[in-house]
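Take a look at the structures below.
Consider the two complexes below, in which chain A is the common component and chain B and chain C are the respective partners.
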Partner chain A sequence: MRDTKPTRALFQTGSIVLALLLATVVLLLAKADPIAAYKNIALGAAGSWDVVANVFVSWVPLLLATSGLLVTFTVGLWNIGIEGQITLGAVFTTWAMRLMQDSGWNPAIIIALAVLAGMMGGALWAMLAGALKTFGGVNEIFGGLGLNFVATALNIWLIFGPWKRPGIASMSGTLPFERNLWMPIAEGSSRLTPATLILAIVGILVVYALLEGTYFGLKLKAVGKNPKSAYILGIPTWQHMMTSFAICGLFAGLAGAVQVTAVYHRLIPSISSGYGYMGLMVAMLVGFRASLAAPVALFFAALNVGSIQLPIVLKLDSSLAGVLQGTIVLFVILGQGVRDRLLKKAKVGS
Partner chain B sequence: MNDTATIISLAGVLAAAAPIVFAVIGETISERAGVLNLSMNGMILLSAMGSFGVALATKSVFLGFVTGALIGALVALVVSFASLTLRQSQVAVGFVLTLLCRDLSYFLGNPIMGQVGPRINQIPLPGLKDIPLLGGLFFRQDLMTYLSFIIVLLAWLFIFRTKQGLTLRGIGEKPAAAYVRGANVNRLRYLYAVIGGAIAGLAGPIYSLSVKAGWKGTISGLDGIGWIALSITIFGGWKPFRAMIGCYFFAILQWLGLVLQPSLPSVPSQVLQVAPFPLMILTLLFVNIGNAEWVDRSLARLPENVRRDIARALRAMNATPPAALGVPFEKE
Partner chain C sequence: MQVELRGITKCFGSLRANDSISLAVSPASVMGILGENGAGKSTLMKILSGFYSPDSGDIVLDGKKITISSPADAIRQGIGMLHQDPLDFPPLRVIDDFILGRKGGILPGRKKAAREFRELATRFDFALDTEAYVDTLTVGERQQLEILRLLWLGARVLILDEPTTGISLPQKEKLFATLRKLAAEGMTVLFVSHKLEDVEALCDAACVLRQGKLVGTMKPPFQARALVEMMFGKEVELAPRTHIEPGKNILCAKGVCLDGIRIQIKGVDLEVRSGEVIGLAGMEGSGQALFLGACAGLSQPTDGCFCLDDGASGPDGRNMTGRTHHDFKRNGVAYLPAARLEEGLVPGLSLTEHFVLSEGPRGLGARKGPFIDKKKADALARERITTYNIKGRPDSTVESLSGGNQQRALLALMRTPLNLVLVEHPTRGLDIESTIYIWSKLKERCSQGTAIVFISSDLDEILQYSDRVLVFYSGRVTPPLEAESLSVERLGRLIGGKGWDELAPEAAHA
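On to the complex of A and B.
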C-alpha cells in the first residue's frame, strides 16, 4: 500500500461508513428506527429554506471557533478553554451594548464597537489561559477548563445579578436589546444575518492565509512541530504560543459576539452553545487543515440543526447529533492509525 | 447547627467524595503507567447512566456496579488501543471519547430519565458505629464509602510497596529501562489503563446508585466531575494519599457552597454550585508553579536562607508527572 490521495480518501470514507454503522447500532439499542432518524435529521437540516438558513446561523459561530482553534493547534496547543473565551466574548459584547444602547449613536457603530469589545474579551480570556501555562506551569487543558468554569459562573452571576431582567431574573437570560440594535436579518429569513456570514468567511480565509502564506504561520508550525528546536533556531516559543492564544481568543470572542448581536440578541446562560468543543472536533476531523474547515463545520452544523426536531417527532434525544459527530471523529482517528500502521508495514516489507 | 447535624453533614462529605476517590485512584494508576485517560468526564456520565439502567432492569445493584466497571474498562481499552497500538494522540482520543460518552449517556439514558430505581444503603458497622463522633462520621456509611477509604491504602501499598508497583512506576517513568529489565511495556500499559478505567468506572454507579441516586440526564449534576477528578490526579502528584486529600478538599468546597448559600443571598445559588470547580482547578497553579522557570530565576535573587525555605515549600507542593506520560513506547 502506498501513501496516495486515493488511499487516504478510501480510509476516511471507510471510517465514516463504520462510524455510521456504529451509530445505527446505537439507534437500534435505543429501539429506534435508524432510517426514520436519519431521514428526520436530513429533513431537519435541508427540508426547507428556513432550516437551511438555521444551519448557516449555527455554522457561523462554529466556523469562527474552528478558525481560531486551527491557530492554537498549529502551535501544538489544546485550547479547551475556548468555551469560556466564547462566553467572555458574549459577556463583553453585552456589556458594551448595555453601555451604549441609550447613547443614541448610530446602531451600526454601536454593534461594531460591541463586537470589537467581544473580541477583546475572548482574547483576554485566552491570554489568561496562556499566562497560566507560561508563568504558572498549568497545562492549557486544565487551566482552560478552570477558566471555562469561571466564565460560566461569571455569566450566570451577571444574568441573575447585576444584569437581571426588571422584575424576575430567569434562565431565559437578560432583557433582549431593542430591535434596531440587532444585526440586520436577511429578507425572507427569520434569523440569518448576512453580515455574520461574511465575518465567518473572511475569518477562515484570514486563518488560511496566515497559516499557509506567511512567515509568521511558518514559525507557528515550527513551534508546533518541535518547540525545542524552534527555540534553538531563534523562534521565541512562549511569545508565539501567547500570540496564537490571543488570535484564537479574538475568533472565539467574535463567535460570542455573534451569538449576542445576531442570534439571541441578549445574554443567556448557555451562550457558547457548545460551539467551542464542537470546533475542537471539527479541527481534529480536518486534521488541522484550514482548507476543509468550512465544509466540515457546515456538516456538523447541519447535524445539530437537523436533530432539533428528534425529541418531538421520534421521541429521541437530540444528543444524537453529538453521538454521530463523536463516532465519526473517533473512527477517523482510528482509521488514520490503522492506515499509518499499514503504511509502516509496507515500508518495512519493501 | 448542633454537633449531631455537623457530624451527619461531614459524614455526607465523606460519602460525596467516594466516587471522586475511585475516579482519581483509577486515573492515578493509569497515568502512573503512562496512559493519560482524558475521557473521564464523559465516561463517568456513561457509567452512571449504564449502571443505573442495568440495576433498574435487573433489580440488582451488584450488576449495576459490574456494568459501571465494565464501561470504564471498555472506554480505557479504546483509549489504549488508539494510543498504544495505533499511535494516535492520547489527548485527541480521550477528548473525543469524553464528548461521545457524554452524548451517548444523554441519548441512551433518555427512556430511564427520572425513574426511581434501586440504591445501596448504609451499613452501620456494629460496635464501631457507637464510638462518639468517629462512629457517626466514619462507620455509618455505605459499602462503597468504606471501600473508598480502603482503596486509597491498597493503591498506595501496590504502587509503593510491591514489586509490580515498582514496574508500574517504571513503565511510566522510564519505559526503556523497564523494558530492558524484562517488562512488556505496552502489554502492562494496556493492563493498568484498563484496571484503572474499571476502578474509575465505579464512580458512575456510586453516583447513580447512591450519592445522586437515579438518572436525570443533563441535570444530573455530574457533568464536570470527571474534569475535577483529572485535575485532582495532578494535584495529588500521582500519590494516592495526597490525591485523597484533594478529593475531600473538593467535597468540602461543594458542601460549603450549599451551607453558605443562605448567608450569602446576593450570590445566585448557581454561582456557589460552580465555584468549587474553578477553585479546584486553580489549585493546580500551586502544585505547578515550582516548575516554572521564572520562579527559579526570581528565587535566585533572594537571600540564601529565605530562598531555601521558599524552595523547600514549593518542592513540597510540587507535583511532577510521570516522565513518559502520554509518550508512546517504541522498542528500537
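On to the complex of A and C.
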C-alpha cells in the first residue's frame, strides 16, 4: 500500500461508514428503526429554515471552541479545561452585563464590553491551567479537569446564591436580561444572530492565518512537534505554550459570551453545553488542520440539532448524536492508525 | 554454565552491529568484553539476554543449542543481565521490585521472599532494607538489588554492562568481590567495560570487539598497550592539517564544576580562542557531553563560571552565570546535538520551515511583521540546500532525509556570524564523503574566526581535526593537550583511564 490521496480518502470514508454501522447496531439493540432515526436526524437538521438556523446557532460556539483548541493542539497541549474556560467566559459576561445593565449606556457598547469581559474571563482561566503546568508541574489535562469542576461549582453557586432570581433560585438560571440587551436577532428568525456568525467566521479565519502564515504559528508548530529541538532552535518554549493557552481561552471565553448574550440571554447551569468537549472531537477529527474545522463543526452541530427530534418522534434518547459523533471520531482516528501501520509494513517489506 | 556463541550476526539497516562473532566462556570465570562505543558489545549482550534475536548464528549453553525469545525467557534458561542503567522501578519498595520478575503465583508471597532476600543479602554482605523505596538507593545499591534479584530468579550466567560507571570506589570493590565469589561458586560472568583497569582487576580473560567483529582475546597478564591497539586499531597516517593562528579568547571556563545524573566534573579550566578547534575525547558518559551542554548554557555549573567574549565586556568577557541557552545563542554560540531528530531538528517540519524558524524575518531579507514571506523563505531554502549540498527539496520533512543530510541541514541552520560552534559527534554514522564535507564546512567557519568545540568517540577524528584535546574519564578531565603531541595509542590509554599520573608536567598551555 502506498500513501496516496485516494487511499487516504478511502480510509476516511470507510471509517465513517463503519461508525454509521456501529450506530445502526446500537439503534437495533434499542429496538428502533435505524432508517427512520437517520431520516429524523436529517429532517431535524435541515427540514426547515428554522432548524437550519438552529444548526448555525449551535455551530457558532462549537466553531469558536474548535478554533481555540487548534491553537493549543498545535503547540502540543490537551486543553481539556476548555469547558471551564467557556463557563468562566459566560460568568464574566454575565457579571459585566449585570454591572452595566442599568447604566443607560448604548446597548451595543454594553454587549461589546460584556463580550470582551467574557473573553478575558476565558483567557484568565486558561492561563491558570497554563501557569499550573508551567510553574507547578501539573499536567494540563489534570489541571484543566480540576478547573472545570471549580468553574461549574462557581457557576452553580452564582446562580443559586448571589445572582439568584428574585424570590426563588432556579435550575433555569438567572433572570434573563432585558430584550434590548440581547445580541440582535436576524429578521424572520427566532434565534439566529448574524453578529455571532461573523465572529465565528472571522475567528476561524484568524486562526487559519495565524497557524498557516505567521512566524508565531510556525513556532507553535515547532514547539508542539518537538519542544527540545524548538528550544535549541531559539524558540522560548513555555512562553509559547502560555500564549497559546491565552489565545484558546479568548476563544473559549468568546463562546461563553455568545451563549449568554445571543443564545440564553442569562446564565444557566450548563452554559458550556459540552461545546468544549465536542470541540476537542472536531479538532481531532480534522487532524488539527484549520481548513476543515468549519464544515466538520457544522456537521457535528447538525447531528446535535437533528437528534433533538428523536425523543419527540421515536421516543429515543437524543444522546444518539453523541454516540454517532464519538464513534465517527474513534473510527477515523483508528483508521489513521491502521493506515499508518500498513504503510510502515509496506515500507519495511519493500 | 558453559556459554558459547557461534557466528552471531546482527544488522540494523545497513549497519552490521555484530559480524559473525564466535566466543566461548567457560563456567566459573569472569570474561571481560572490551571495545569502544559502537563496537557491538551491547548488541552482543542483548542478543545473549534475549532483547534482540540474532539474524544468524547460534547460542549454545552447556553444549545444547538454544533459542531465546525474550529477556524473561533468558532468565528462565539461567541468563540474567544487569543493565548499565539498572532496570528497576524507582517508585516501588525494594521487596516489591525484587519479586516483580517472578513467574506464576497470584499472591506476592512477600514474607517468604523477604526472608530469602535477606539470606541472599547477608551472603554477599549487602546492606539493603526491604522496605526502602528504590529511588532512595544509590546506583551501586540498585545494582546490588538487581544482582540479588537475578540470582534469586536462578541466573547461572550473569552479564554486567558497564557496571562501574557511576558507583563509588568502595561499592566497586564490593561488586568485584561479589563477582569473584560468584565465579568461584560456578557462575559464568560476562563483564562489559571500556575501563582497562577494571578488566585487569577482575577478569580471567578478555576479548575485544571492534566495528562488530571479534578482534582478539587475551589471558592475564593483560598488556594494556595490546588491548588498546585491538580496541582502536593501528595508528593511521594523518593527513596534513591546516593550522589557523588562534586569536582572542572566545570562551573561558573558570574552575567549572558540573553535576550530572551519574557523573560529576570538578574544576575545568579552558580558554577557547577564535579559529581554534578543541576536541573532547572520552568514552560515552565520561562527562564530555555534560561539559559541552554547559558551554551552551543548557546546564548550569555548580561552581565556577563560563565567560563569553561579547566584544563589549572587556578582556575577561561577560560572565554567563545564570544565563539561559538563548542568552548564549544571542552571544553567537551555536549548539549542534548528536541526537539530530530529538534535539536539533523538528520532525514533521520541512527544511524551509526550519530555515524560517532559525533566521526569522531579518535572515529571510523580508519585511518585519507577523507574516512569513513564503517566496523569500523558499528562495532562502533553495540557496542553503545548494550551498550545503543537501539531498532534499525545500518541502522535504527533515525525518525523510538521510543521517548525513540531516547533519548538513543542522550545519545549514547555523547563523552567520558565530563566535563558537559546539558539536556533539559531528560525523557519527556518516559515510566518508559526508564526513569530509561536514569538516570542510566547519573549517570554513574557523577561517572566519569561529571557534569549534566538538565531542567524538572516533580517535582519528579527534587527532585529525583538533588543535587541542581534552580527555574525559569518569568525570576527570585532562588539561588541554596539544593534538600534535598525541598519538592514537596514548589517547586510547588516557580514555581507558591509563597514564593519567604522568600528565601534569607536560600539560599544554591552557
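The rule is short, and it goes like this: the second predicted complex is superposed on the first by the 350 of 350 C-alpha atoms of A that agree within 3 Å, B and C clash if a C-alpha of one lies under 4 Å from a C-alpha of the other, contacts with A are read in each partner's own complex, and residues count from 1 in each chain.
Everything below uses one rule, namely that a residue touches a chain if its C-beta (ideal position, glycine included) is under 8 Å from a C-beta of that chain, and two chains touch if they have at least 3 such contacts.
Because the structure is a prediction, the values reported are computed rather than measured.
Applying the stated clash criterion after superposition on chain A shows that chain B and chain C collide. Of the two partner chains, chain C is the only one touched by A:Ile232; chain B is not.
Partner contacting the larger number of chain A residues, of chain B and chain C: B. By the document's definition of touching, of the two partners only chain B reaches A:Leu334; chain C does not.
When the two structures are aligned on the shared chain, A:Phe135 is found in touch with chain B, with no touch to chain C.
Legend: residue contacts after superposition of the two complexes on their common chain; A:Asp317 is shown touching chain B, with no touch to chain C.
In the superposed model, A:Tyr215 makes contact with chain C only, not with chain B.
After overlaying the two complexes on the shared chain, residue contacts for A:Arg289 are found with neither chain B nor chain C.
For the superposition on chain A, the stretches of chain C under consideration are 93-101, 111-119 or 471-479; the one running into chain B is 93-101. Interface residues of chain C, counted against chain A in their complex, comprise 325-326, 329, 335, 337, 341-349, 353-354, 356-358, 360-361, 370-372, 413.
Contact residues on chain A toward chain C in their complex (touch as defined above): 209, 213-216, 218-219, 221-222, 225-226, 228-236. Remark: chain A residues 26, 29-30, 78, 80, 132, 135-139, 141-143, 145-147, 149-150, 152-153, 156-157, 160-161, 169, 269, 277, 280-281, 284, 315-317, 319-323, 325-327, 329-330, 333-334, 336-338, 340-341 touch chain B in the complex. Across the interface of their complex, chain A is touched by residues 38, 78, 81-82, 85-88, 91-93, 95-97, 99-100, 102-104, 106-108, 110-111, 217, 224, 227, 230-231, 234, 266-268, 270-271, 274-275, 277-278, 280-282, 284-285, 288-292, 294 of chain B.
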